[in-house]
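Here come two complexes built around chain A, the first alongside chain B, the second alongside chain C.
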Partner chain A sequence: MRMRELIFALVVIVLALLLPWVFYDWAHNRHSGFMVSMLSQMGMMIILAVSYNMLLGQAGLFSLCHATFFGMGGYTTVHLLNAVGKEGVPIPMEVIPLLAGLAGLATAIVFGAMATKQRATAFAMITLGIGELMATAALMFHHFFGGEGGVSTDRMVDRSLFGLSYASGIQVYYLILVWTVIAIGLMYYLTMTPLGRMANATRDNFERAQFMGYDPRMVRFLQFSLAGFFAGIGGGLYAITYEIVTFDSLAGALSANALLMAYIGGTGVFGGPILGAILITVLQSGVSLLSNSWLVYVGVLFISMVMFAPAGLAGMIKAHGPVRRAGRMHALIVPYLRLVLPGLALVLGFVGVVELLSFYTIGAAQGKKLVLFGSPIDVKSAIPWVISFGSLIVGIVWMKFESAHFHRVWENLTVDLRPRR
Partner chain B sequence: MEVFVISLLNGLVYGMLLFMLASGLTLIFSMMGVLNFAHASIYMLGAYFAYQVSVFLGFFPALIIAPILCGLIGAAIEVWGLRRVHHNGHIAELLFTFGLVFIIGRAVQMTWGMLPMPYRVPAILDFPLFSLYGANFPAYRAFMLLVSAGMLASTWLLLTKTRVGLIIQASLTHPGMVGALGHNVPVVFTTVFAGGCLLAGLAGVIGGNYQTTEPGMAEAMGPIVFVVVVFGGLGSLAGCFIASIIMGMIQTFAVVIDYSLADIVKPLGIVFSGDNLLTEILTVPVARIGALLPFVMMVAILFFRPRGLMGTRDT
Partner chain C sequence: MSTSMAPVALSIRDVRKNFGATEIIRGVTLDIAQGERHCIIGPNGAGKTTCFNLISGRFPITSGEIHLNGERIDQLPPHKINRMGLSRSFQITSIFHRLTVFENLRCALLWSRGYKYSFWHPLGTQKALNAEAERLLEDLNLHDRHNTEAGLLSYAEQRALEIGMTIAGGATVILLDEPTAGMSNTETDYAMALIRRVTEGKTLVMVEHDMKVVFDLADVITVLVYGQVIASGPPAEVRSSRAVQEAYLGALEE
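Presenting the complex of A and B:
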């Protein structure tokens, strides 16, 4: 690890340590519950996204059952906590996420043995089937999964290495933070091991890797199992935080979420999924409260990333590296500013159309009214529709024009920065 | 006996419905190497379009119009979406169709609302065709069987007996050579994608009032169709057909079997009791775990034949 990256990681950790205190409610002498729970959610989603990227980004495996391991870790934790609390099994709280990880590992070994026989498309479909299998089973077998109601527990089992009771959210947050740092550190270390390198090799050219004497299937299997291990740790932290695990925690929607976070953040860079997890969690906590159509926005964001920015957010940031090193960032300021207005028109128009449409049908059924800046808007009158569609169309045309301009500037700027061959 | 015959017929109807979906998926996959995750979403769109058209024009015009609309949407997806991401590799194409699932799903909810649509079997077909040992067999199911068998036959004839079909078949295996002979391979690709979506749309039209037309129907159908395609072997139409029928039969027969694993060993004097997971797994009746069986079957076949029933190639 280079010095700069290490310092950056340390800054992020310190920031994560301090953030709950920034939002501390001094008037009532307590932590902001919303912030602490959002940060905790961020921690486990970061683990989920980065472990998912061990498959998608590093090994080129498009998995759709990653939540299975997350959920199995969660269910194991709930049962362990119940055993500790009710039967007095001596397991300290701090170790439980590790055991949850082992549960994830065991599950991943069983399913990985089957799924990793294939790669690419067939692998994606098999993992889809496995994910559905487990989600369906979770609804059917009450003994372990608790059916639709899930299994609940009480995290205050009073067994801790440090004498902590985990009564308050902030103690749980710091437990999550510690485990997140450990898990991310280990995953970063894995990228530098021969296994991590071979995973990259089988992703890029599996026949060539095979020719060199490595078994690509074994590489896939190991990578898949280890990814399951880390996802299990995330699931354990989830169970400790919410004290209940339902089948949602291993359903397909969460697997899809892992994919969205990793991809939007950027699969080509190790830190990308972390960025994606933070972004999606913030958006989820914020936008999903405001809008019915949260999934449309994420879906459209995802598709536009697939089409226009396959490297993700982190990849886009990384692409600026050579320009910055050449000290020519100032040449990009004006082109970027020129993108702002059409971008705003595009986003506003799109949000307008989507919200109007959703209030017209779903909102009407739920008896909600669209209120903008304190004044109610009649979704049946023509003016808001005309404005939204107009803004959307103007935004699209203008954006096309401006992005062509930006593309030209970018090409001119980077053409002499490219390494010569 | 009557349960057996009726279940057999129902299984056949459901299996043929599955095959209409799965065949389009397999055709698209074997030609372009793309698995269209949004295939079940197109099926849902077909049902909703059919409902909307049938409100204005009636069921039989909808049977023609809705699939064509789905085919056009498919062509649009291929031309403006898939072709753009093609150069980023297969994973990008998979991700693209996966993103479409979200968008189509929410778009349907936003346009038609969250509640099931009153899309019903047309009155002219709403009568019991025949009675078997006192159990009625609805005429609409026979009609479904007729439509899907007709579609199967015409697709087969189109692929094997016409010039267009020959070009499509050739493009499956040797796209470069077909292009060199002066055929427009990208147009062939678009045609196949649109054709697959048309089949999915048709399945939606006849499946929408057989099941219910509601926003969750894509999620309910999608995984089963993918299981069928994997089970039959990727890229094999024959395997896909066998797998569809098997899955249809399993789904319908599972409902009427009230035995569990523990019942098999009961004659041997082994009885399971107690409140633990093993007992629960062994004593749960097959009827209750019907939804689980397709996935168990898929895992089982992958264990013995990683390429599926009749698959000849790895992805």
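Presenting the complex of A and C:
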């Protein structure tokens, strides 16, 4: 690892350690529950997204069942916690996420043996099947999965290596933080090993790897299994945090979420999925408070990324590397500023339309009213609709114009920075 | 036929291959001695690449037998054949596009250096391995492209990398499929010097269209036409063979 990356990682860790205290409520002497639970959620989603990217980005495996391993880690954890709490099995809390990881690993070994024999589309289809199979199994086998209600537990089992009770969210958060750092660290380490490199190689050229002594199916199988291990750790942390695991934790929606986070963040850079997980979690925790339609925004963000920025957020940042090294960032300031207004018009127009639609339909059914800057807005009158659609259309046209301009500036700026052929 | 008494490295016994109903390889029998420089020539579509695909395990054979250093290999998958000491290059460049040139070569070294599927060795600290990849890079004259993504190399550079990846693993039998195709004269000369250097002491089987290259290099030439060997022997013998003159060489040299 280069020095700069190490320092960056340390800064992020320190930030993660301090953030709960930044939002500490000194008047009431307590942590902000919202912040602590959002940060906790972030930790497990980061593990999920990065472990998913061991497949999608690093090995070129388009898996649709990653939540299976997360969920199995989760279910295993609630059962373990119950065994510790009710039957006094001596397993300390701090070790439980590791066991959850092993449950994820075991599951991934079984399913990986089936799925990784196949390539491309067939692989994706089999993983889709596995995901559905497990979701169905979760509803059928009540002993282990608890049916629709899931399985609940009590994390205050009073078995800790450090004498912690885990009664408060902040203690759980620090447990999550430690395990997230361990998991991300190990996954980073893996990218530098022969297996990690051969996973990249089989991604780029499945066939060639065979003529260098490697069985690419074995490479994929091992990578798949290890990814399942880390996802399992994430699921274990989930179970400890929420003290209940339901079928949602291994269903298709969460697998899709893993894909979304990894892709939006950027699959080509190790840290990309971390960015994606942070962004999606913030949207989920923050925007979902403000709007019924937060999933629409995530969906549209995803589609826009696929269409306009397939390298993801991290890819976009990385593309600026050569420009920065050439000392030309200043030339981009004005072009970027010129994108702000059309961008605002576009976003506001779009949000306006979505929210008006939402309040016109679901909102009306729920008896909610759209309120903007303290004044209620009549969704049945024409004016807000005209403004929203107008802003959206102006935004689109203007953005097209400005982004073409930006593109020209970018091309001129980077033409001599591209690698020579 | 080869007059050398060296043991046979690669033995192909009445090998046939059908694609659907069409028989593309129609009973090929060849013995290639250890240390031999063996060139396979023949018109387009004769089945030269298909022969390589059969030997290297890319496609299963329809009938016949193939032995490598006395061991039967025609039922084995490519990676097992490779581990037994046979390596091949591709007519259409086949590299890891998004990895750097250095990474491509290091990947090609990994298995033979015993790393297998290790997920515990950090590559950065494997001194001997990295030094070897660097040395290959020098050999291939690609050292100034160390950190370039392989997909961004020029055509000739990619061909050099292709050869490098083929010989990296230390295989004793090397199959090269038209390594100089599409190169300029200077590039061809350079590539051939490279191939001679890096295949020193190894068994080399090479498909090649450039007759100058073939007659310069080969100990033995095999002429494949329409899925059959019509001649095989030392260059002088093949050059004077009537069958070859009629079927192939004459047409080419005119």
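Basically, the second predicted complex is superposed on the first by the 420 of 421 C-alpha atoms of A that agree within 3 Å, B and C clash if a C-alpha of one lies under 4 Å from a C-alpha of the other, contacts with A are read in each partner's own complex, and residues count from 1 in each chain.
One rule holds in what follows: a contact is a pair of C-beta atoms (placed from the backbone, for glycine too) under 8 Å apart; a residue touches a chain by one contact, two chains touch by 3 or more.
Treat the numbers as computed from the prediction; the structure is a model and nothing was measured.
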In the overlay, answer first, second, both or neither for which of chain B and chain C A:Gly286 touches. neither
Quick one: classify A:Val219 as touching chain B (first), chain C (second), both or neither. second
For A:Phe62, decide between first (touching chain B), second (touching chain C), both and neither. first
In the superposed arrangement, does A:Asp204 touch chain B (first), chain C (second), both or neither? second
If we overlay the two complexes on their shared chain A, which of chain B and chain C does A:Pro92 touch? Say first, second, both or neither. neither
Go through the superposed model and pick first if A:Thr136 touches only chain B, second if only chain C, both, or neither. first
Please determine whether it is chain B or chain C that touches the greater number of chain A residues. B
Chain A contacts chain C in the complex at 189-190, 192-198, 200-201, 203-205, 207-215, 218-219, 222, 226, 419, 421
Partner chain B, residues of chain A touching it in the complex: 56, 60, 62, 114-115, 117-126, 128-130, 132-133, 136-137, 140-144, 252, 256, 259, 263, 293, 295-296, 298-300, 302-303, 306-307, 310, 354, 357-358, 360-362, 365
Within their complex, chain C touches chain A through residues 56, 58, 77-79, 82-83, 87-88, 90, 94-99, 103, 106-108, 110-112, 115-124, 148-149, 152-154, 165-166, 168-169
Quick one: in the complex, what on chain B touches chain A? 29, 33-35, 81, 84-85, 88, 90-92, 94-96, 98-100, 102-103, 105-107, 109-115, 219, 223, 226-227, 229-230, 234, 275-277, 280-281, 284, 288-289, 291-292, 295-296, 298-299, 302-303, 306, 314-315
